[in-house]
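Take a look at the structure set out below.
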Amino acid sequence: MASKVHQVTVWARGVVQDKEGRDIANGLARAAGQEGKFTQSFDNYVDLPDRVNVPLRKYARISDEEIEERYEYENLHPEVVIVADATIVKGIDVLRGMEKGGTLVVATDRRPEDILKFIPNRDLLGKIVCVDAKAICGDRTVDFSGSEGGVDSVGIGQGISAPILGALARGSELVKLDHLDAVVKNKDALHKGHEQAVVKTLN
Amino acid sequence: MFKIPKGKEVPLGCVTPAPVGEQPMMITGNWREFRPLLEPEKCDLCMNCIVFCPDACFQLDDAEEKVVLNEKYCKGCNICINECAPGALTAAYELDFDDGVVRLDKPF
Amino acid sequence: MAKEMMLSGCASSAQAAKMAKVEVISSYPIRPYTAIMMELSKMVANGELDAEFVHGEGEHGQLSIVLGAAAAGARALTGSSGVGVTYAFENYSPIAGGRIPLQMMIADRALDPPGDFGSEHTDAMSCRDQGWLMGWAETPQEAFDNCLINYRVGEDHRVLLPQFVCQDGYFVSHIPGPVSLPEQSQVDEFLPPYNLPHPLDPKRPVSHGPQIRPDQGTIMDIQRAQAMLDAPAVIREAIDDYNRIFGRKYAPFVEEYMTDDAEIAFFLMGAHTMTARHAVRHLRAKGVKIGLVKLRFVRPWPTEEVAQALSKFKAVGVVETSTSYGGAMRGGNLLHEVRASLYELPQRPLTTSFMAGLGGEMVSLEDFYHMTEVLSKAVREGKTKKTVYWVGFEAED
Amino acid sequence: MAAAIKTQNLAPVKLIRNVPKEEYYLPGHRTCAGCGPALQYKLVAKAAGPNTIFLGPTGCMYVANASYLCTPYAVPWMHTQITNGGAVASGIEAAYKVLLRKGKREGEFPNIIVMAGDGGSVDIGLQAMSAMMYRGHDALFICYDNEAYANTGIQTSPTTPYGGNTTFTPPGSAIPEGKTLFPKDPPQLVIGAHPAVKYVATASIAYPVDLINKVRKALNVVGPTFLHIHCPCPKGWGFDEAKTVEVARLAIETGMWNMYEWDNGEYRYQFKPKKYKPVREYLKLQNRFAHLSDAHIAKLQAFVDAKVKAKPVPVEAAVPKAN
C-alpha cells in the first residue's frame, strides 16, 4: 500500500489569478520538495483555457513516498483547500471531497466567522485560516509564460500568492515557512502573511 | 452492450437541444467578485447596460420601467458600470450580500 | 426494364448517384475519379439531375461542403483520389463522429512521391479507422450497386455513418464494363429518402458538436464503435433487399469462388479479383485445388465471415494493394486483419501476403500462377517461407 | 436556375432603445468576463433573429461558448473545423437551395452566418472563406477580430498589430518589439478579389446600433457578405475587463481601427474623428504593448497615419461587378 498522498487544492480566478494560483501550488510543492518530500503540482486541465474571472483549480500533492498515480485530472479528496479570492466560497462547494478535519485557507479581509457562514458543509473543517492578502500584497501577476505546460519566466510568489503561502504555513503542517522562504520571491509578503494570518480551530 | 456511467452521457453524434431563454448547465454568477448595483433614482433608461452586457444579463422589466440584473449569470465584468451614462451603477462586493449566487459543486 | 450499357466505373458511379437523387455534390479535380464529377456536372447542366453542384476549393473544402449539406438535410456526394483523399483527412473523424451519413466515392490512386497516377488502395486504406463504412468494387456494375447499398446502410438510423465507396483507379474507373442500369422505381423502392434525425433547421434548433470533457470522449468513441457493431445486420438486410429488387447475387461480406474442396485460396478485394477469378478457373482446369474469397467490406471488417471462409483452406494468399510501412507484417494492411480474424480458430490456414499491383502496376494471370506455386509449396512443406512476397521483385522464392 | 428565395428585409435600428429585446445568444457561456467577441455575438444574434443558422469554426467562440455539452445558441448552430467555416456554410446554403426548391423544407431561406475568429477567417480559414465568396453563396462571413489566437493561450495571428506581445511573439533582447510584422487587412482581401461580394463592412462593439444595422444590411443582400468586427479581448490584450468597450472606442479614436462600409463599390465612413488621438493613448491601456519603446510606438503611429490618410482604391475599376 502506497503511503498517503496529501492533496491540496487551490481555487483562483481565471486569467487575473491564473499565475498566482499556479504559484501557490508550485510554491507549496517546491518548498515541500526542499525537505525531501515527493511532490507534484499541476493545473486542472478541464478548467483551461481559463477565462477572465472563471473559478479554476490548481493542485499540489505531497507524499513521503513516490506518488504512484501521477496522471490524474483532479484532486478528489483535498485535505487543504486554498481560496485565493474569497468570493469563490459563495458560488462553489470548495470543500467537495474533503474528509472531516480538513483545513481551509482564504484570502480575505473578513473574519473566519464571516466566511464560514457561506460554507454550508463547514463541519468538515478542522481549521480555517484567513489572511488579508490583498492588504499585504494584492498584486495579481498576469503572465502566460507558465501556462499550458510552459516554463514560468517570472518566478514564484511575486504577488498575492506570497502572503497566502505564508498563511498556509501557519495553518498547516504540510510545509514549513523556512522552505517557502527559499522559494518565494516576495519574502516580505510571505512573512507578513504568516504573521497576520488569523487561525481558527473548529470542532 | 455498453454501460455508460451517469454523468458521462453524450447524446448521439454530440447533438444537443438548443437552450431556451438561458443555458442552466453553465451558471456563471459565481465568477463575480463585484456585482453591479443600481440606484434606480439615477437611472434614465439609457439602455447602455442592456446593450453592452456580453452575457445578456440586463433586461427591461415587463412594464419596461426599469432594468433588472440576472444575477445567476452576471460574471462581474462591470462593463455596465463603465458604460452607464448617468452613473447609476456601482460595484458592490459580493460577500456583502447573503444571496444572489447559485452554489455549484464544480465550476460548471 | 433494366438497360444494359458499357460504362466505366466513373460513369456508372455517376449514374448511381443520379438514381440516388443526390442533392448536393461537391467536386474538385484529381485523376482518376474526376470523370464521376464530369458526368454529374453534365447531368446537372442539362437538367437530368436537380442538385446543387458546388466546386470545392480543394478536397478539404469538398468534404466540408458535403458535411454542411448533409447536416442541413440534403443527400450529399463527394469523391476523390490519392493525395486528395489524404488532404481532406481532418474532416473524416468529425463527419463520422457527428453521424452525418454522406458518401465519398474514391477511385483510388497511389500517394506521392512522386506523382504516380496508378491505382493503389493505400489512399483510402489510410483513412479506414475513422468510422466510415468502406469497401471496394470489382467492376463498374459493382461500383454502381455499392453506391446505392452504402447510402441505404449509412443513412439507416441504426447506423448513421458516412461511406467510402471505393473502386480501383483506371482499372475499374476508366475501363468500361457491362452495367445493368435499373429502373428508377426499383431504386426508389430500395432507397428511402434521406432523413437525418437532427438536421440544422431554425424550426427545430439544435447544436451540433459542442465540446466534451476528456472523460466523455470514450462515450463518443463507443457510439461509433456501436454503430460499426450494428452495421452488419443492416448490411445483410440491405443486400437481401438489393438482390431481391435488382436480381443480383451479392454476398454481404465475403464472396467465394470455386472454394468447394479447395486447399488454397486467394483473399483480395477490388479490381484484381477479376483476373484472380480467371486464374483460379484455369488452375482448376489443370487440377489445382484452388479457390478465391473476395472481400466486400473492409469496414466493418467481417471477422467471423472471414474466419469461416478461410478456415477450410490449408493456405491463403492475401493479395495486397496497399502499404503499411513498418507494420507487423512489413507488407500491406489486409494480412493484419486476416491473421487477427483467424487467431481464435483451432485450425488456422497458413497465410502469406502478396504485395501486388502497387503504384498501379498490373497484376497478370502469370502473377497469380506464380503466387499459386508459392502457396502450393507452402502446403507441401507445411510452412510459409516468407510472410510477405513482393510479387515480381523477390530475389528468390 | 435557382430563383432568389430570400425575401426578408430586416429593418435598420435607429436608436439604442430600438435594439431588439429578444436574445438568441443566451446567458450561460464560458467566455471571459468582459469578452468583446461574446458581446459582438450577442449583438449579431439579435440583429439576425430566429431564422438563422450559426457556424462556429474552432476558436474562443466555439470552445468558450460550447463548453461541455452546453451551448448558448437559441438557433441552430454547428461546430466546424477552424479551417472550413466558409466551406461548411457553402454546403448548408446549397442544401437549403435544393431543399426549398424541391419543397422538402418550407419557409424563408435562413440567415447563414459563419462566426470565425481572425485565425479561422484570414489565416488557416482563408481558403474556405475566399471560396465561399467566390462561388457567391448567400451567407454572411463574420471575422470577429480579437487580434490573436486567444483560445489556445494568446498566440500571434495575421491581425495581431505590430508590436503585440503574444505567447508566440514575446519581446526579448534580440526581438525587443515582440511582433515585428504588420497585420493583414481582411476587408481589403475580400473586396479586392471577389466579384460576387456586394457588401463588406467593418464594425465595432463600441457602436452597437451601427453593428446591428451592418449585420442586417449584410443579411438583406442575396449573396456573400463580409463583416470585420473589432472585439477587444481583455485576456489577450491585458486590460481591465470593465474597459472592453472603452478600448474598442479608443481604437477608433486613435485610427487603430477604421469604421467603413463598402457597398457595391462605394465607400462610406462612420465615426471618423476630426482629429485622431495619438496611438499611445490606446497602447497604454494594454499590457500587450507595455514593452514598446518610443521608436516602436513611432513606427506604429506612422503606419496608422498612412492608413487613415490613404484614399481607398476605386474598386469598381479593379474588380468588375458580377450580376
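Letters A, B, C and D mark the chains as written, and numbering starts fresh at 1 in each.
Here, a residue touches a chain if its C-beta (ideal position, glycine included) is under 8 Å from a C-beta of that chain, and two chains touch if they have at least 3 such contacts.
What you are looking at is a predicted structure, and each value in this text was computed from that prediction instead of being measured.
Enquirer: Closest chain to the overall C-alpha centroid, by per-chain C-alpha centroid: which is it?
Expert: The most central chain, going by mean C-alpha position, is D.
Enquirer: Cα centroid separation between subunit B and subunit D, in whole Å?
Expert: Computed from C-alpha means, the inter-chain centre distance equals 25 Å.
Enquirer: Rounded to the nearest whole Å, what is the centre-to-centre distance of subunit C and subunit D, using the mean of the C-alpha atoms as each centre?
Expert: The answer is 43 Å.
Enquirer: I'd like to verify one number: the distance from the centre of subunit A to the centre of subunit C, where each centre is the average of its C-alpha atoms, in whole angstrom.
Expert: Centre separation, subunit A to subunit C: 57 Å.
Enquirer: Counting only Cα atoms for the centres, state how far subunit A is from subunit D in Å.
Expert: 40
Enquirer: Would you mind listing the residues of subunit A that make contact with two or more other chains?
Expert: In subunit A, the residues touching two or more other chains are 14, 46, 52-54.
Enquirer: List, in ascending order, every residue of subunit C touching at least 2 other chains.
Expert: Expected reply: 205-210, 212-213, 215-216.
Enquirer: Which residues does subunit D have that touch at least 2 chains other than itself?
Expert: Expected reply: 30-35, 63, 67-71, 73-77, 234, 241.
Enquirer: So what shape is it, when you link every pair of chains that touch: line, ring, star, complete or other?
Expert: Basically all the chains touch each other, so complete.
Enquirer: Can you check the complex and tell me which residues of subunit A touch subunit B?
Expert: 13-14, 47, 52-57, 85-88, 90-93, 96, 108, 110, 114, 117-118, 120
Enquirer: Would you mind writing out the residues of subunit B in touch with subunit C in their complex?
Expert: 1-2, 4, 8-10, 12-18
Enquirer: Which of the residues in subunit B come into contact with subunit A in the complex?
Expert: 28-33, 75-77, 93-95, 98, 101-107
Enquirer: What part of subunit B is in contact with subunit D in the complex they form?
Expert: On the subunit B side, the touching residues are 10-11, 14, 16, 18-28, 31-32, 45-48, 50-57, 59-60, 70, 72-73, 75-79, 81-83, 108.
Enquirer: Enumerate the contact residues on subunit D facing subunit A in the complex.
Expert: Subunit D residues touching subunit A: 30-35, 63-64, 68, 151-154, 167, 170, 234-235, 238, 241, 287.
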